[in-house]
Structure formats: structure tokens, C-alpha cells
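Read through the structures below before going on.
Consider the two complexes below, in which subunit A is the common component and subunit B and subunit C are the respective partners.
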Partner chain A sequence: MTDRRRLLGMAVPFIAVVGSMIAGLLLIALSGKDVPDAIEAFMDGAFGSAFAIGASINRAVALSLVGLGFILAFRANLTNVGGEGQIAVGGIAATALGLWPPIAGLPLGLAVIIPLLGGILAGAFWGGIAGFMKVRFGTNEVISTLLLGFVALLSVYWCVQSTALLRQPQTSSATLPESLPIADAAKLPSLTGNSESPLHIGLVICLLLAIATAIVLQRSTFGLRLRAIGLNELAARRAGMPGGILLVAALAMAGAFGGLAGAIMLQGEQYYLKAGFSSGYGFDGLVVGLLSRGSTVGVLAGALFFGFLRSGGISMEIMAQVPAALTLVIQGLIVIAVAGSVILVEKLQGGR
Partner chain B sequence: MSQPTGSLLSLKNLGKRFGSLQALEGVSLDVRAGTVQCLLGENGAGKSTLCNLIFGVYEPSAGDMAFDGAAWAPESPAVALEKGIAMVHQHFSLVPRMTVVENLMLGQVRGVLKRHEFGARIRDIAESFGFSLDPDAVVGELSVGERQRAEIVKCLMRDPKLLVLDEPTAVLPPGEIGALLDICRRVADSGRAVILVTHKLAEIAKVADRVVVLRTGRLVADESMAEADMGALVHAMVGRELRPLDVALAETDEDVETPEAARGFALVCDGLTVHDRHGAVRLDNFTLEIRPGEIVGLAGVEGNGQSELGMVLAGLLRPTEGHFYIGGSDLTHAGAAAVTAAGGGIVPEDRHAVACVTGMSVAENVFLNKLERFTRFGLLQRGAMNAAAQKQMKEFDVRATGPEVAFSGLSGGNQQKAVLARELTLDPLVALVAAQPTRGLDVSAVEAVYRQIRAAARRGVGVLLISSELDELLAVADRVAVLYRGRLVGERPAEMSERGAIGALMSGQIVSGQVA
Partner chain C sequence: MEEMLAIFIASTLRLAMPLMLAASGELVSERAGVLNLSLEGMMLTAAFFGALGSWASGNPYLGVACAILASVVVSAVQAWLSVNLRANQLVVGIGFNILALGATTLLYRIIFGGLSREEIPGLPKLAVKGLSDLPFAGTAFFQQSVIVYVGLGLIVLIWAMLNHTSFGLAVRAVGDEPRSADKAGIPVNATRWKAVLITGFMAGFAGAFISIADIHTFTENMTNGAGYLALAAVIFGGWNVGRTIAACLLFGAATALQFQLPAMGINVPTAFLLMLPYLLALLAVAGVVGRLEPPTSLTLPFQRGK
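Our next item is the complex of A and B:
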């Protein structure tokens, strides 16, 4: 019986994903593009080379981090939709620190670590603001994290538009509104030592944090307290738990994960800050967190899936001229199918 | 009375198993139209399970049901309702912000909403059963009794042949119980059948035609009310004779040795005043001193400031003015954790909202305020915690299949015993504030709660027992203070002869010793 249930639990989402992919291919065919071409471009972009695989995994790392932060806060019944903004402030902080000459000269990898920590702190602060507003004024965190996200995104624009902030010196009218690249010493070390693959140490950081998150959620007293406050805040307070501090901490932690994702994206691959730097990873990470249903492994699996999907989608757009919007539509279909299948499985299993 | 003789609902060898728990076994019974059938049993005896089987919430694992001359196997409550069985649940399903008529139209009316017509129908139905209900009243502003009547009308609108009421009196103040029982009688007299689930013996005598008793999932008595003997019913229900409360609980009065040496009071309230958000005074200059080993009852009709007092003493509400002290330390602004640390055990009146996290396990709830005891390097030692919980569950007679089962799966009595286990095992324990600690509990759980409170007092704990049930206070407390409109209006010894005087204080007829 339980075997059948487990099988059902795996089969239904799988069928849902395959089904929505087939629907996606149909859409591509309907839009008049060559389907085999598109498939080839997708496979090529996602798995086709060491570079493609490395890039996909790097994407998955950013998504995982946002997703892990999401499930942490969600344990306290807080929905953090501000991943995008937390990535942005993390990126700003990492850029600023990575460009600061004294830091580039530090030994023992501190040149890498300090910008990462800066990103974490910036993200934690950003998430913490929403937590503080929730505890102090009762502001719904969905609203505050979302709106703070816009503030952060526009702050990136501001930073890269103003030479007083992070914009590179304007030497001509053609100087782009971007920062200078960060110092080499601040870049994340490669994981493979192979210049072909962009895979960087962020993967290791991410896996370690995933393990830590799993331990916090399942084994730690802090995790239990988060759960208590999420299930019944009043009872948790009665039992002496510091409700306000826990709520702020939960959102600050979610923000810290987002900020770290931003710093890793910047120090690992992009190297300089530009407008639109976070490009939707915060929202995709939110979806990964939601679909994982609180499971760390679920976050990693979902992030990998979305990471490869994103790489393949970009490649489809470039190589097979499949519009980017169509990739997003397919992604949306998959999200709906997976979410729907989760509900379906629950109904089938939970039935009498 | 029109009493058709055939049985409307008949159950044969009905059984229900949840995992390893046999919730019901071999239950056979008949319910006739035109009668009120009382279903009696302790918490966890299987009453709710039985109702849920009849109402199509669960599917039986054994046995057959027949209703209205045909086999009965409703696949859902909606089908049951459609075919003539309606159920009033313990927890109401009304939207507080909407009016009665809007609530009752939900799910029943499609398309154009004919509010007036519907409202008139509500009024008619209510009147035909001898009560009144204002269809335009906002549900959130109604009393619990009125809300319940709205639920009953909601059921009656579907013209059911059988009306099931799951513990309808548990939530009602004493004055409204009689009215509810009248309604049950009238519904039965209209030719329908009524199943009334309860664990209060006094009620069944007033209204039942027949009474069945469940104990640990089995039917242990099925008698016509005319022939039933109350003592035998109690015996059937709890499986042993119960001594009358007063005798059982008054016996220890002499043993209570108040340590005169303890100059300090266990609990002192000094001029506590609470204003609500709108500036209205909810608690007015409340002053009370409780010595170690003393049980002080706080009487009063609900809504006279008891909830606010309870929240203040729990460390969850800051008073506008005044202070309170437990064991001599001022905890007025210290918060819940400090109250616990100072030895203040709190049994909140709202079990589900304040006392426990129903979505967590029994062990987690029993140690909710002592988690650090099982924490090493930030990690929770679940094995040790569960073992310790098992021990406490045994000591406090919390019946559950294990420390890791969900708290929500426990019956109300066992939940309350678990809360007591948590609060009475504080070290040190100086004072205990128990608010409505026996509400919704069955007789033997009530007895257990009283026993624990008494035992705590004997160990030198000062107890404040807040209750709206005067009999409870008279049986357990040493003296009874009375709260009326947020003010302490008087204090009496806890003796039966003072019943009238305390009642008068509660109703506000006497204020500050004078006849108002």
C-alpha cells in the first residue's frame, strides 16, 4: 500500500511535467518553429557541453538558495516573496565590497568571503525590515517583501546610473550604465579548475547550507520554535517563546539566503553589476520553494530542474528563435502542472 | 407527540478503526423518529466518530447502517445532508462578519439572492420551534447561544429527518442550555429524530427519550430514559462509581496546611486595570492576594473581565495600570517566559488558541515551555523528550497512543490533562492560574483536573481558579471572589450556604456590599 502510494507520489508529478513539456512542444510547433530544432537547441543549452551543464548548475545554486530561505521563513508561516529584491541588495553589497581596493588585497580568501558576507548581511537586513514591520505594525509580509523588492530593484538602477555610486567612470557617451568588474581576487574560485566550465564554489556553499537548513528545520529547537510560532503564535508566546524576535529572524534568514544568492551570482559569473541583474531568479526561487513543500531535497531538485530549464530556454531562444515569452509560458505550464499534481496526489492518497 | 414506531436510523455492528486505534467496535442501535436520543460518553469514547460515520465524514470499517428504510452509506456530508441528516458541529461554520441571513444563504441559494424572502423563512422556522432569531443580525455580534441557534436553523432549513448535535451544550453558558434542550424537544415533536451528544448527565434527564452510552468505542448501555438509573449510567460511562463531587473534593479541606511562616503571598494582584482598544475598562482596579496553599475561586458571568485578567497573568497582555507579583517578583511587564520562570503555571481558558499548538505532537506540547531542557548544541533531543513526555503522560493520565501523536488527535479532557502536566511540573511552581479549566470536559476528566489542582494547593501552590460554574468553585475553592463588570464586587467563603449571596454578586444585584 505505501509502496503504491510512493509510486503514485512520484508518477503523477512526473507525468505532469512530461505532459506540460509535450504541451510546450505543441505550442512551439503552433508558433511555426521547427520542433526538432528547438529540442536540439534546448538539450544543447542545458546539457550539451561542460559549459552548459556548469551554467545550469550555477543557475540552480541561485534558485536553491532563494528556495531554502523561503522554506525557512515558511516554517514560521511567513511567505517571503521578496527574493528578487534580496538578491538585488546582496548583489549591490557584494559589488561595492568587491570593488573596494583594500578588500581585494586581503589574504586567506577574505577578498571572496567579505563580499559574500556583505551580500548576506544586506539581504538579511532587507528581509529583517519586512519582519520588523510585521511585528511592529502588523504589515503583511507578502506585501512588504514584494514592495521592498521593487525598492531594491530600482536601487540597482540608481547604483549603476550614478557615478557617485557604483557606475564605472564615464569616459565617453557610449559608457554603459554598469559597474566596473570586481577585482579578480573577489571572484569565486572555480570548482573544476577547467576554464571550460563556469561551475564555481557556490555549489559547495549551497549544498552545505542545504544540509544546515535541513538540520535546523528537522532537528533543532529553533526549527521547532519556528513551527510553533507558525502554527499558533499566541500559544508559542504563552510558552515563553520570543514571538517577535523569531518572526524577524525568520524573515532575516530568508533575506540572508537571497542576499547570498545575489552575491554568488555576482562574484561567480556576472562580475559586474548592471540593471536587471537579478533577472527573475528571486521569483523562480520562490516557485521552487513553494513546490518543494518545505523539503530541503525538494528545493534542490526543483532548483536543478528550473536551472536546466532556464539554460535550455535561453538556448532555444538564441538558436531556434523560439521567443523567450514562449519559454516562460512553458515554465508556467510546468509550475501549474506540478502544483496541480501535488494536490491530486494528496487527494488520491488522502482519500478514504 | 406523534411517535411512529419504525426506526429511522439503525446501526448494526458498526466499527471504525484508525490505524492501530479501534475507535468504535460492534455498535448497534436504533433511532426512532420523534424521539431525542442522547449519546453519552467520556471524551475519546467514540461519540464524535459515531456521528461522523452517520454524517458521511468517515466510512465505517465494519458493519451496516440503514436510514429511512434503505441502506445508508453517504459518501460525503453533502450527500448526507441531501438525503435528510443534518449535523450541528461543536465548532460553528458561520462567517462572523456576515449577517445570519447571508450566512444561511451560503451554499443554499444560487443566482438571485432574495434576502427578504429568505429572512422571513428563517424567522418562520425559528418561531415554529419556539425561539427567535434576527436574520439581519451580524453573526460576530451574536452570543454563542444565538450563533448556535443560527446553525440549528441552517440545518432545519434543509428539512432533515434526523438532526445530530455534537456536544451542543459544551459551549453554552448555563442559562442558555435549557433553551437549547427545549428546541431539541420541539424538533423531535415535529416528527424528526434528534441525536444529542453530551457528557453532562443533568441534561439528558431533562430531554432524552432514550439514552445510549459509549465507552472506549463500545456500546455499554442502551436504555429508555424512563427506566434509566442515573447512577448506573455514570457507572456505565466511566466504568466505575464516581463519588459525588462535593464529597470527593471537600475531603481534603482539613489537610491543607497553610504555611503561616510563608509571609510572602503566592500571587498578588495590585490594582490591575485593563482598557481595551476602544478605551473601555475591561478590568477595573483588581486587587487580590493569594497565599501559598490557598485556592481562591473567581466567580463571575463570562465577559466580566476574566479573560483580560487571565491574559494579564499569563504575561500576554500588559495592564494599563497596576502590578502583579508571583512569589514576590513583579511580573507586570516581564512577559510570558518570566511568568513561567517565576513559577506561574497558567491554564488558559482558550485551550486551542492559547494553551497548545494542536498541529504539534503531545510531547512537543507538554514541553513547549521547557524545550531548552532537551536542547544540546541547539539540537532537540527528541528521544529524551519523548521518553520524558511518556512519563508525564502516565503520571497525569493523558491517554494517547504515544508521545509523538498529534495533539489534535487527543480528546478535550486528555488535552487539558496534558496542559496541566506542563504547567504543574514547573520548577519551582508558586502559583497556578486556571481559567475555566473544566470547560467541555467529561465527568472523570473534571475529577482529574480538580484532583490535580487540590494536590498542587496541598504542596503549597497558591491557586486562582477562574470559573463561571459556581458549583465548581464551591466544591474546589477555599473562598470565592466575584468579578462583575471588571470589578471585584465581593468575597465569600466557599460554602453551599453562600450560593445565593454569590449568585447575587455575580448578577450585579449587590455592588460593594450594598443592594443596587
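Our next item is the complex of A and C:
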């Protein structure tokens, strides 16, 4: 019986993904574009070269991190919708530290590690605000993390608009509103040593954290307490658990993962800050977290899927003139299908 | 100075209008116990189909009708998922917002192509005879688009409906005590369905206002968080029509400062002014105005006998 239940639980995201992909293909056909062309462009952009594969996996790393943070908080029944903003503040912190000359001169890889830690702390702070608001004022974390997201995105805009903050020195009116590139010493080392592939050590960090998350969720007292507070806050408090601290910690950890994702995106590939650099990764990571149904392996699988989907989507837009917004349509359909089928699945599983 | 103030009031009203329309609609639904995070998606869908309808038919009023129809369709799917399938309302809402952003961007690129800024037939500004020439008040209140006056009328209707009709009573009953309401013979799910459709109708109006009455074109993601501000306004307003409208006006005024302060030669970073409505909304949902009690059964689906 449990095997059947588990199988059904996995079948739903799978069916939703396949169904939405088919809907995507239909949309391409309906818009009068050549479907085989579009598929070829998609495959080429996702898997076509060492560069494409490396870039897709790097995307998956950022998505996994946001997704891991999401399932941690979700264990306590908290929905962290603020991944986008947490990436943004992580990116700001990493840029500021990566541009600071004393840090670039540090030995032992500290020039890489300190900006990463800065990103983690900034993200944790951003997530922690939502946790504090939840505990202190009873503010629903969905609304607060969303609004904090807007504030964070506009903070990036502010940072790159003002030379007093992170904007590069304005030498002419054509100077773009961007930061200077971070010091070479602060860039993430390549994983392969192959200059063709952008794959960096973010992948290793991500896999280690995925293992850690799985252990925390399944084998630690902390994980158990998160679950207890998520199932029944009042009962958990009566049992003597520090409810408030747990809730703040859960959202701060979710934020820390988002902040790290932002730092890794910046130090791994983008190297300089510009407005909108988070470009929807926070929302994609949220979808990854939702689809995983709380499983770490599910997060990694979903992140790989969306990482390649995004790379392929961009290539489709450039080579086959199919707007990349198609991937958003597919994602939206997946989320709605999965959320809408919860009752159906429970019925099939024999109710609760 | 007086002229400036009049312009400031006029632009506050103009910028608050879509928030007021969407928030008053969402208020009905939340009082009935259904939260539509998809408000943003409904507005964006409406803004797009409104622009499309107006552009295709050459008639802005047909455009408004298209906008409302599109948004009501979205709200019907939302109602089916939230009420009948008892899906997690927050998650479904997020899904709708992603879908709406993707679908409108996709259709816009396919139909209008690339980054066109083609102007669509918009609604005329209605200068109220005899009033629009008044000093001060004329500029501030009586040179707005037709939809503003219609919208204000609709908001008053919603207020009256919620507080002075049996339907309003039913809405509040199913939002607070669905079980008791059910025992008293009020059809819980049907009432919630109607409430969500009202939200869809008002969000459609709000979207139409943005694309047809205000900007006169569609741009990608043109609602840009207005739906979330409207949701925050409902919380800020303590689920009360008058206070929700006041919250919308406050957010509108904060947005209007972006244009007003530079015009007055006051130098504040644009980014901060852009941030201001969201910061205010954050303070609002944190309950600086006192801890507010939502309808008791908000986001909780109803199932008889459970």
C-alpha cells in the first residue's frame, strides 16, 4: 500500500510535467512556428555543447539551492515565495564584498568564501525578517516574502544606479548602470579546468548542501521539530518547543539558501551586478520546491529539468523565434496541475 | 503650488484606481473565505485581453468587455480549484501568476511581435461639464477617464452589497463560520463561487483601466506587482471597504510622488520612491495599524461533514 501511495505521489508531478510539455509543443504549433525546428533549437541550447551543458547545470545549481531552502521552510508549513528577493540581496552582498580590495588579497580561497558567506547572511537576514513578522505580528509569510522581494529587486536597481553604492565610475553618459566586475580572486573556480565549459564548483557546494538538507530533514531533532510545528503549532508549543525561534530559523535558512544562490550566480558566471540579474530564478526555484513534494532528490531532479528547460527555451527564442515565455506557461501549468490534483491523489491513495 | 497639489491629487487618484478596483473585488472574496493570490494574474490577463480587444475592434468599450471576460474566466478556474478541488489557494495563485505572465508575454510577442509599443484606442477623458473648469477641484477630480467614475460607482455598490444585502450577509457568514452557515441553509460553496467571480469582474475592470484607460498600450508584465499591492491593501484595510480604499489611495499617493517630487525639484533617489509603496505595504501587513483579524475561515476550503 505504501509503495502504491509513493508511486502515485511521484506520478502526479511526472504527468503534470509531460502534459505541460505537450501543451507547450501544441502552442508552438498553433503559433505557426516549425515544431521540429523549435525542438532542434531547444536540444541544441540545452545539451548541444560542453558550454550548453555546463550553463544548464549552473542554472540547475541556483534553482536547487532555492528549492532546498523552500522545502526546509515548507517542512514547517511555511511557504517561502521570496526566493527572487533573497537571490537579489545575496547578489548585492557578494558584489560588495567581491569588489572590496582587502578581500581580494586574502589567501586560502577566502576571497571566494567571504563573498559567499556575505550572500548567505544577507539572504538569511531577508528571510528572517519575514519570519520575525510572522511570529511577532502574525503576518502571512507569503505576502511578506513577496513584498520583501519587490523591495530587494528595487535595492539592486538602486545599487547599480548610484555611484555612491555599487555603480561603476561614470566616465561618460554611455556608462551602463552596472557594477564593476568583481575581482578575479573572488570568482568561483572552474570545476573541469576546461575553458569551454562554464561549470564551476557551485555544483559541489550544492550537492553537499543537498545531502546536509536530507540529513537535517530526516535524521535530526531540528527536522522533527520543524515537522511538528508545521503539523500543529499549538501542540508543538505545548510540548515545549520554542515555536517562534523555529519559525524564524526556518525562514532564515530558506533565505540563506536563496542568498547563496544569488552569490553563486554572481561569482560563478555573471561577475557584475545589474538590475534584474536574478531574472526569475527565485520563482523557478519555488516551482522546483513545490514539485519535489519535500524530497531532496526531487529538488535536484526538478532543478536539472528546469535548468535545461530554461537553456533550451532561450535557444528556442534566438534560433527558432519561439518566445522564451513559453517556459513560463509550462511552469504555471505544472504548478496549477500539481496543486489542483492534491485531493484527487488523496482519494486514490485511499483517503486520510 | 496649488496647481501642483491639484495635479498630485489627480495622479494619486489615477494610480490608486486599479488598486481600488482590484482590492474591493478581492475583499468580497476574502470575506467569503477565499484568498486569490492570482489577483495579479487576473489583472495582467485583463490588461492584455483588454488591449487586444480594443486594438482588434477599434472600440475601447469592447476592449473593456474583453478584459472583464478574460479575467472572469481566470477567476472561474480559480474558484473551481479553490472551492471544489480544495487546492492550496496560495500555491494555485502563484501558479496562475506565472501562467498569466508567460501566456500574456507569449501572445503579445506572437500577435504584436517583438517590442512594439503600438498605441491602442483608449477611453476618452471625460471632462464633467461645469465641474472640470472649477479651479483646483476641476484638475484634481473632474478630468479623469470615464472608467474612473464607473469604477467609483462599482466600489460604492460593493460596499452597499457587503453591508446592506442578504447576499453580503451570506458572504460574511461563509467566510467566518461556514459550518453554521451551512446548517442555516446558506449554500457555502455557491456563495464562495459568486464571490470569486465578483473578484474576477473587478480585477478585469482594474486591468482594463491600466491598459485601455491609462497607458493606452500593453507592455510585458505591465501590472508589475499592482495585484500584490491590492492584496496588501485589503490586509491594511482590515477587510473593511472604506479602510481598504484609504490604503489604496495611500499606495497611489506614494507612487505619485515618483513624478511629483522630481517635478518640484526635490532630489530623492528614484529607486527609493519606487520602493515606497512596497515598504508601506510591508509596514501595513506587519500591522502597524494594530493587529487585524482576517475572516476566520480565510483560505480554508469547506467540506460538509468534515
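Structure notes:
The criterion applied here is as follows: the second predicted complex is superposed on the first by the 310 of 352 C-alpha atoms of A that agree within 3 Å, B and C clash if a C-alpha of one lies under 4 Å from a C-alpha of the other, contacts with A are read in each partner's own complex, and residues count from 1 in each chain.
The rule is simple: a contact is a pair of C-beta atoms (placed from the backbone, for glycine too) under 8 Å apart; a residue touches a chain by one contact, two chains touch by 3 or more.
Predicted, not measured: the structure shown is a model, and the values here were computed from it.
Applying the stated contact rule after C-alpha superposition, one finds that A:Ile215 touches subunit B and leaves subunit C untouched. In the superposition on chain A, contact of A:Phe125 is made with neither subunit B nor subunit C. The larger set of touched subunit A residues comes from C, when the choice is between subunit B and subunit C. Judged by the touch definition given at the top, the superposed model places A:Ala235 against subunit B, while subunit C stays out of reach. Legend: residue contacts after superposition of the two complexes on their common chain; A:Phe51 is shown touching neither subunit B nor subunit C. Once chain A of one complex is fitted onto chain A of the other, the partner contacts of A:Leu224 are limited to subunit B, with no touch recorded for subunit C. Contacts of A:Trp100 after superposition: neither subunit B nor subunit C is touched. Common to the subunit B and subunit C contact sets on subunit A is no residue at all.
Residue ranges on subunit A touching subunit C, taken from their complex, read 27, 31, 79, 81, 133, 136-140, 142-144, 146-148, 150-151, 154-155, 157-158, 161-162, 283, 286-287, 290, 323, 325-336, 339-344. Residues 215, 219-225, 227-228, 231-232, 234-242, 352 of subunit A touch subunit B in their complex. By the touch criterion stated above, subunit B contacts subunit A in their complex at residues 58-59, 314-316, 335-337, 340-341, 346, 348, 353-360, 364, 368-369, 371-372, 374-375, 378-380, 382.
Listing the residues of subunit C that touch subunit A in their complex gives 37, 81, 85-88, 90-92, 94-103, 105-106, 109-110, 225, 228, 231-232, 235, 269-272, 274-275, 278-279, 281-282, 285-287, 291.
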